[in-house]
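Here the chain labels run A, B, C, D, E and F in written order, and each chain numbers its own residues starting at 1.
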């Protein structure tokens, strides 16, 4: 049994509270075990300069931690005057994966700003951010539809993320907390759609490597967790869930071409 | 009646939830109407270079807003690469007033880092931060006492803050929300101790001025609000409240000298 | 008697030399005891982006010290690559109080840049800056009137500032020099108009507090000093002084409404 | 046939010139098609502060492009005053994967600084950097051995990297050039060891997704390319290649535990 | 004889390889002994804001060193977040001297960006940069002529640079390498045209001085070296060399006026 | 006759007021026509890290302009967050030339910080800064001697600087004001010692060139001006002037060797 009593392939308890911040067009407070993140989606009626006039929308994300989200107080990036490499990687990832399930042409020339602020961290903050940000984004789109600024929710599929890893004692485990993450030999973040396709795989052996068999087990375990996360998203979104379309997969399009 | 139905000299509802962040030595989540702030107090076993070897402790504060704490999304200071003048003023203020009720010699060579992160803003974020940070700081000291790293809580008096202002329609009002703050001719932040002494008065007439009579009414109204805030702090702190000492006022010391 | 032989409620010698810098539209060199500040007012024929098209003018201020204005050489803010919190607080203060006595609609879409550069510091640099900057600003307006770019000087009242404090030995004292400032228990900066109204009060007990009675004595002492400073401004400005109007006080307007 | 006449699973021509920079302990000039990178390895006899006293070494990497490495001149990051998110991701990746094949305890408290400077870019700059940096690092270690500062080359296995992708026309292709990379629906960077284990997999569907079958084909294609790259590294390193050990794989160690 | 066996007034071997970078409009790889610099010239179809509408072109330069161009690894300026004073001096110098031999009116509203990146440094990097950048710039102009975007190459004369110095042992020497530069009492960089006129003289006695006679010898030695460098430029440029015009010297124009 | 009525080879009126800033160890206020600079010399009892333990002292300089020193208000470098290339060039120049007339071994491990702050600019600010900074530095050394922290003033010769240029109308002129500097075809700054040796020559033809004959006339004119400036320095320094030694010239030392 794992340090917190879970089975190897068991997620931590997940809760998503919607409409957490009154000013934001969409917002949630997601908790995955002791990891707690506020995700907001804000709508901006213009796109970045390099996209103007193209008729397509854009989704961009920012990620930060409160100084005391962690065991040791971390120095604010505003005080340091620069954003760390880790933060940049995470915010690029969040924006990229959300864009993969949005029909940016249908969105039109608008930018969705996603903000993921980690209130308390216990491993898996980037994957919790993605899972929560997806819901906040759908809520913001629903508001645009309600205000007749969009004809329909331009989301082609569900999207959620989790981490998997190889623990020196337990082998492949799902949804690592901070203590497990610190010890893991291999750490992998997986982002998948409701249709079961991959959007992003980032697997890393820090001072370690992994075989093809291990990779297969990691990916199956991740899929197991993500299916459950998407079920939670569906429940939270209620009738909005039915408005999320099914986009043709890349595989199908390649076959067609 | 005011925009939200309050009397001129009535506070908004105030709630303080303690132990909000598991990692921090002291933490609260304070809500004053729709203004919501997470305050944490972190203990560092050293003091800044300019104080080393002096045997005294230090208290310093940082303040920030989540991007979507406000009606319009505000750009992160970490993205801008610098902290605004407004933020610097507020964090200097919070640190300074907390130091006025702590016996820094008793604290010894430790730094207390106060972090006030505004989750949702509706006016009065700096005064809510002070009122909440005081409680978080006492909780952190209590933890040090519990761990036998301090003999007693080195706090000489209670401390809370509120805003008062002159509204073009209603005259002097207490605890301004954002809508009121935007219209006020005069805006004043007052920080007081449990003994009813002033620690800080910052009164400003933006494109306006105020008379001595108006000042008197502003100060009396502020005192009224602060007394209620300190009662709430006492209730929240329970038995810890009794361990907060009474420091001789500056006035008494000047008389003695 | 105080360290420099003054009475408790006595200002230091004040001199204001006008037209000190040939390029600036308005400029003075003000000395208050050993505190020496160059104040210039520069006219810019546009306003910041957030004000464009509104028909109103703007006044903004910058403040700096030469590295050797102080006993210990201080590192240039340009070398550090950022402006300190203290500097930001002071420049926000100077701009804000000057705006309170200018009719920004009459000024029209122009920005007045105030620069206060401390050549030598001995306490009270921010209040000397305000007192000097007011004169430099009036001189710049006079130039605009002379060049027929303004119909009249859009200044509604005089404005000056001084500091008061509570000294552990002498009690309430006026116009603190650096040595007194370092020892004061309470430090207060007061900005007032010619009509005797307050524009800004910033009172601070660094590791100390103050009572209502002490506050009253501080404010009366400040008023005494500011009246003298305004007399000096009037003398220096000569016939221009008569062109400075009397704006209705906030109190009167609230009564009317 | 692809835009440059290659088969789908064919690498571009690869050349590695060693000892390219006389000052560096190890250096190569690697060209992969029209992508050209100078890789140097520099030895520093201390480790970063967080590692001091632990007896282990460290490997860190920096990556940059000359302004005219690209079709459009790109602004220098030194002029912008900050390093982009993309650059940070790449340099973190290079350092991390090299550390996975070095026995940091054997290295002892030394830091190896890897610098990868792209002289000309045509896709795959990060994977060319890894493949080249591995050789530069081995050369630097060989120098340390020659100078008797190390007993043996502390490298446990070979390491190389390539990109694979899904092209809308050709399906899975190996070693994408810039034109192909711009059109690819899925882009994946794979880093593998001589033993055929994965060190890092980063697969991304920008505005697209991929299935498990596609993933399998991508990984097999990557492995094909990496085996050839490692053969080239072996040839270049000559007798040094025989001194590169075989580290037990993570899988084997997990099985043992 | 000097440390590398040269006569006092002998240049190091100089090679210029053209078209080194495929993307740049003009590029060379210049080696002067062990000093190696990539120089590119990029064309931008607009001028900086302060020059718009004036009908004239502009030439600006950037200069950098790879981290391991030097004996000790130097920290990247992008990591430091700022460009050093030395770098700024050099890039201002390169831009300024190139502008002196270009007819900016004939160029029209275009900017030529010169990038000089030092791959390996052994003294004289700024003079090698100037000598190489001149050739890269001419190649870029030739491309503009070829594409009919310019009627003729708007260059009025050749331009090259070298260093001279006073060595404590050998007296005046030409083209100092790093070892010689470190020991020199006086260091002088001279930039001259094909007509034998000076464009820039920068002579410096670091902790030393020099007499008028020494200055004369330094200048004559520099001229000797620059004549040879211009011969090399002519050879490399082949038939393009004949298209470089002869501009009337300042002396002649002053005489005429 | 020149724009301000001077002869071609005539300096502007020069005044040097000593002990201008009470806190600085040495200070002057130098005016050269309408160019006005405050120069201070501050003593720091340590040297920069790269010089520690070597027994030698260091001299470093900073230079800045007040925002309204110029006709158009210039933006503060502290607001821009970085120091311009021009500023860096000037401060490197000032430090370097002062070091050439100081016996750094005699000074011992101390740093002299020179600050040159331009209050009003009308051309020649860098040369006025050098001429004034020399006097401020001598005054600071005299203070060290008086306090018995130095045995003697470690200055080997006088040092002053002026500008010369080639005017399209008047030919070679001395000590250019701003209007002349803007029109000059060639601009040269010359720094010389009391013994008549050069320390620095920086001659630049911005979009122009100059011949050997013109160079000779420029240097002779500069020498004429510098001799007068050194006479003024001697008069101001009074008896201190006699304590400034004569250092053997580089030429003499090379001859001896």
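Please note the rule applied: a contact is a pair of C-beta atoms (placed from the backbone, for glycine too) under 8 Å apart; a residue touches a chain by one contact, two chains touch by 3 or more.
Source: prediction; values computed, not measured.
> Hey, how far is the Cα centre of subunit A from the one of subunit F, in Å?
61
> Which integer distance in Å separates the CA centroid of subunit B from that of subunit C?
28
> Nearest whole angstrom, what separates the Cα centre of subunit C from the Cα centre of subunit E?
Between these chains, centre-to-centre, one finds 52 Å.
> Enumerate the residues of subunit E that touch no fewer than two other chains.
81-82
> Linking chains that touch, what shape results: line, ring, star, complete or other?
It is a ring, because the chains touch in a row that closes back on itself.
> In what order do you meet the chains if you trace the ring from subunit E in the direction of subunit F?
Chains encountered around the ring, subunit E first and subunit F next: E, F, C, B, A, D.
> Please give the residue numbers of subunit F that touch subunit C in the complex, ascending.
Against subunit C, the touching part of subunit F is residues 21-24, 27, 34, 38, 40, 42, 44, 62, 64, 66-71, 73, 76-83, 87, 113, 115, 117, 119-120.
> Using the touch definition from the top, list the residues of subunit F that touch subunit E in their complex.
82-86, 88-89, 91-92, 96, 99-100, 104, 157, 166, 168-169, 171, 185-186, 193, 195-215, 219, 249-251, 253-254, 257
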